[in-house]
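Down below are the structures I want you to see.
Next come two complexes built around chain A: one with chain B, the other with chain C.
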Partner chain A sequence: MHGRKAYELVKEFASGEKGHLKIFNNELFERVIEECNEHHNALQSLIRKMQEEGLEVQTAKNADHYGALVHHLSLTRNKRCLMAYVYNRAEIIRDLAWKVGLLHELPSEIQEKFGDSEEQYFKDHSKSLKLYMSQLSLDVNVDMVPPKDPYIKVRVLEDLGSGIILSDKSANFARHSMHFLKRTDAEQYISRGLMEELTG
Partner chain B sequence: MANYYNIDDILAEEEFVPVVFHKAANGVVIDPSSETNSVEQGAKVELPLWLAQELYLRQAISISVPACFSQRTRLEIQADAACVDLKSRSPYFYEFGCKIAPLVGDKTIEILLLSAFKIRYKEILTKAYTAVFTTTSKFLTLLTKEETNLYEAAQASMAAFKKWRMGGPRLQRASVLGRKRKPLD
Partner chain C sequence: MASSGGEWSAEQIDDYEALISTTDVELLKKAWRNEKASPEILPFEEALVKRAKEQIQLMEETVDDFEESGHDPLIVSLYQMDLDRVQFLLRSYLRVRLQKIEKFMFYIWKTDTYRNRLSIEEEKFTERCIRDMGKHLEETVLSKMPDNYQSVLKQSVISEEDDMVPEPQLDTFVVAKCERTTRPLYLDGSRQSAGFDSRDDHFQMVPGDLCILRYRPFQEELTSGNISLV
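What follows is the complex of A and B.
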């Protein structure tokens, strides 16, 4: 059936939880492109047939015309599905860069789900964000609401070791240890699930 | 096209509608009963909406009312809209209905959609705010995509309200990473 494969592709994207990425379905993606080529060939052969019969392609409305029309519509439909698939995934990937972290800060189990071009896209987007922030000398990725207190209490959830140097101190961030950190420093670790904020 | 990249819009247009061909078409395989690669004039087939819509505008086919807006569904909705399983009829019942109504020239579809949505809207919001999850899970299977979104939005706003009232940590783990923490190794 026309456009069925493309529908499956979009359906697969929609079936996941909102904002979650699935592995880029290369196989199905290629199949849809193949189908586009088949439609294109069928369209051309029908138009050639009309020309051979000496008909005006623009105005003649015979059975070949409607056949070609169906192929044309299927082609644009497939295109729309492919575009929407790539576009919506790109949106999620940009979101990840903002919400979770740039470049190597993103957990590898998420990065594994990127297609080749998406990986490049993520890298480029991260790089330009970083460049922009370094030119402004401002981290635009922190919480928009100004804090009541610049320091917050956090608990470390995963062993981070002592390799991390924050803006005003360095400490041994062993698992379950508690620290009093600048909020802007702690934010990125909290959003990646490595620390949690304590209120009390 | 405003909704070109909209996933839901694409999926809604994949719903099938019964059509009758007024013009023959060569070289296409859409009529399962036909032995050749063509569609005869007068052939009755089911086409996805995206294809039917465009062919209709070029006067190649005529569209009849799809099964999910049948008389039986209408009677059920009149009886008690909140209990009708719209999801099994079409997960995009409302969107599909809005798109198909001008094509089949049936004014009653719009009235049907509006009255169904009004009654169900009230029911969804009440359930989202009050009922516990175990009793609603059965109810949730009856909802269309649009209604599920509505239900989730209502629950999210309730959760946000509770959080605001009770207080709690402002910063949280990004939701894209999944709700559960990894098991400790």
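What follows is the complex of A and C.
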């Protein structure tokens, strides 16, 4: 059945939770690409057959012409599905670049889900963002939510020790300790999952 | 700023509001709201951003001075809060633009009107975005496609136009607030013409009016500043 595999691929992406990345489905992906090449071969041989019969490919409206057309359309459809799959995943990856990429490496659970060139794309895009910010000398990836109070209460989730000096003080950021910090200071640790904001 | 005690007269409040509405913070807020609500990228407010950055720097210095000179901590934290808000506005404004660029990079790049709306830094960013995205798509999909199907912008060589470029959806609805009285407007965006009287579906917006409109026909009203988006 033409185009079913590609449909499954897109469907798999669409059924995932919004903003979450699933493992890149290499097997299915390769299968769709194979299918594209099969379509292309069939298309080529039909065109050759028509040429051998001395028919004008564009104007002869015989069975072979429409057969070729169906292969062509299946091919473009498969291409659209493949592109959509990669493109939509790339959107999530860009989102990750905004949230964590500029500061540090991604956690390995996410890296495992990347396809071959997706990791590179993540790095490239993070670099582009970083370059923009350095040209402007302004970090645009902090202050993601409108500020209500300059200070927030946070709990440290992982042992950070006392090595960190924030803009107005230094403290021992032991695991589970709670602090009252400047929001701008705490934000980067929150986005990396090292602290959490306590509300209410 | 505030008058010492007593009620403000209506006139005073009007004056005050008129004054406030022309400050850079207010302008930046408006630019930010417009950018956030419009489906397409709007012209970059270069002068405004430059002024805002200068003022932020000035304010940062003031806050630092206050901290050193042992001012009342409450006053300092009020200044700090104000500063934080302006910084958020500026960052969010730039961020919303970058996110639009990420989303419609190919379209913005090939459409001159949009490309001219970018700042220099944004233009460079777009260029790199396209390069990275192009490379990524090339490696994963396009290089494995048959010869005539390898374009990033077209489905195949026989497509006459670029038919694989995501475009902003301009026919979406926006909430518009009137800033200056507009000329008579038609819902479908057609201009006032000879047959003006024969049509009764026109309307006029006066300052303060709120309307929910289709974005596309009212682009011009937005760029001319007659309406703003909320």
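Structure notes:
Note that the second predicted complex is superposed on the first by the 179 of 200 C-alpha atoms of A that agree within 3 Å, B and C clash if a C-alpha of one lies under 4 Å from a C-alpha of the other, contacts with A are read in each partner's own complex, and residues count from 1 in each chain.
Keep this in mind: a residue touches a chain if its C-beta (ideal position, glycine included) is under 8 Å from a C-beta of that chain, and two chains touch if they have at least 3 such contacts.
Everything numeric here is computed off the predicted structure, so don't read it as measured data.
In the superposition on chain A, A:Gly115 makes contact with chain C only, not with chain B.
Residue contacts after overlaying the shared chain place A:Leu96 against chain B, while chain C stays out of touching range. In the superposition on chain A, A:Lys11 makes contact with chain B only, while chain C stays out of contact range.
Look at A:Arg80: by the touch rule set out above, it reaches both chain B and chain C. Of the two partner chains, chain C is the only one touched by A:His40; chain B is not. Using the contact criterion defined above for the overlaid structures, shared-chain residue A:Val140 touches chain C, although it does not reach chain B.
In the superposition on chain A, A:His2 makes contact with chain B only, while chain C stays out of contact range.
Contacts of chain A with chain B, set against its contacts with chain C after fitting on chain A, overlap at residues 80, 83, 87, 143, 183. Residues of chain A that touch chain B in their complex: 1-3, 7, 10-11, 13-14, 19-21, 42, 45-46, 61, 63-64, 66-71, 73-74, 77, 80-81, 83-84, 87-88, 92, 95-96, 99-100, 107, 110, 143, 145, 152, 157, 183, 186-187, 190-193, 196-199. Put simply, chain B touches chain A in their complex at residues 4-8, 10-11, 14, 23-28, 30, 38, 48, 50-51, 54-55, 58, 60, 167-178, 181-182. Across the complex, chain C is touched by residues 29, 33, 36-37, 40, 72, 75-76, 79-80, 82-83, 86-87, 90-91, 94, 115-118, 120-121, 124-125, 127-129, 131-132, 135-136, 138-143, 146-147, 149-151, 183-184 of chain A.
Residue ranges of chain C in contact with chain A, taken from their complex: 53, 77, 80-81, 84-85, 87-88, 90-92, 94-95, 98, 102-103, 121-122, 124-125, 128-129, 131-133, 135-137, 139-141, 144-146, 149, 155-156, 164.
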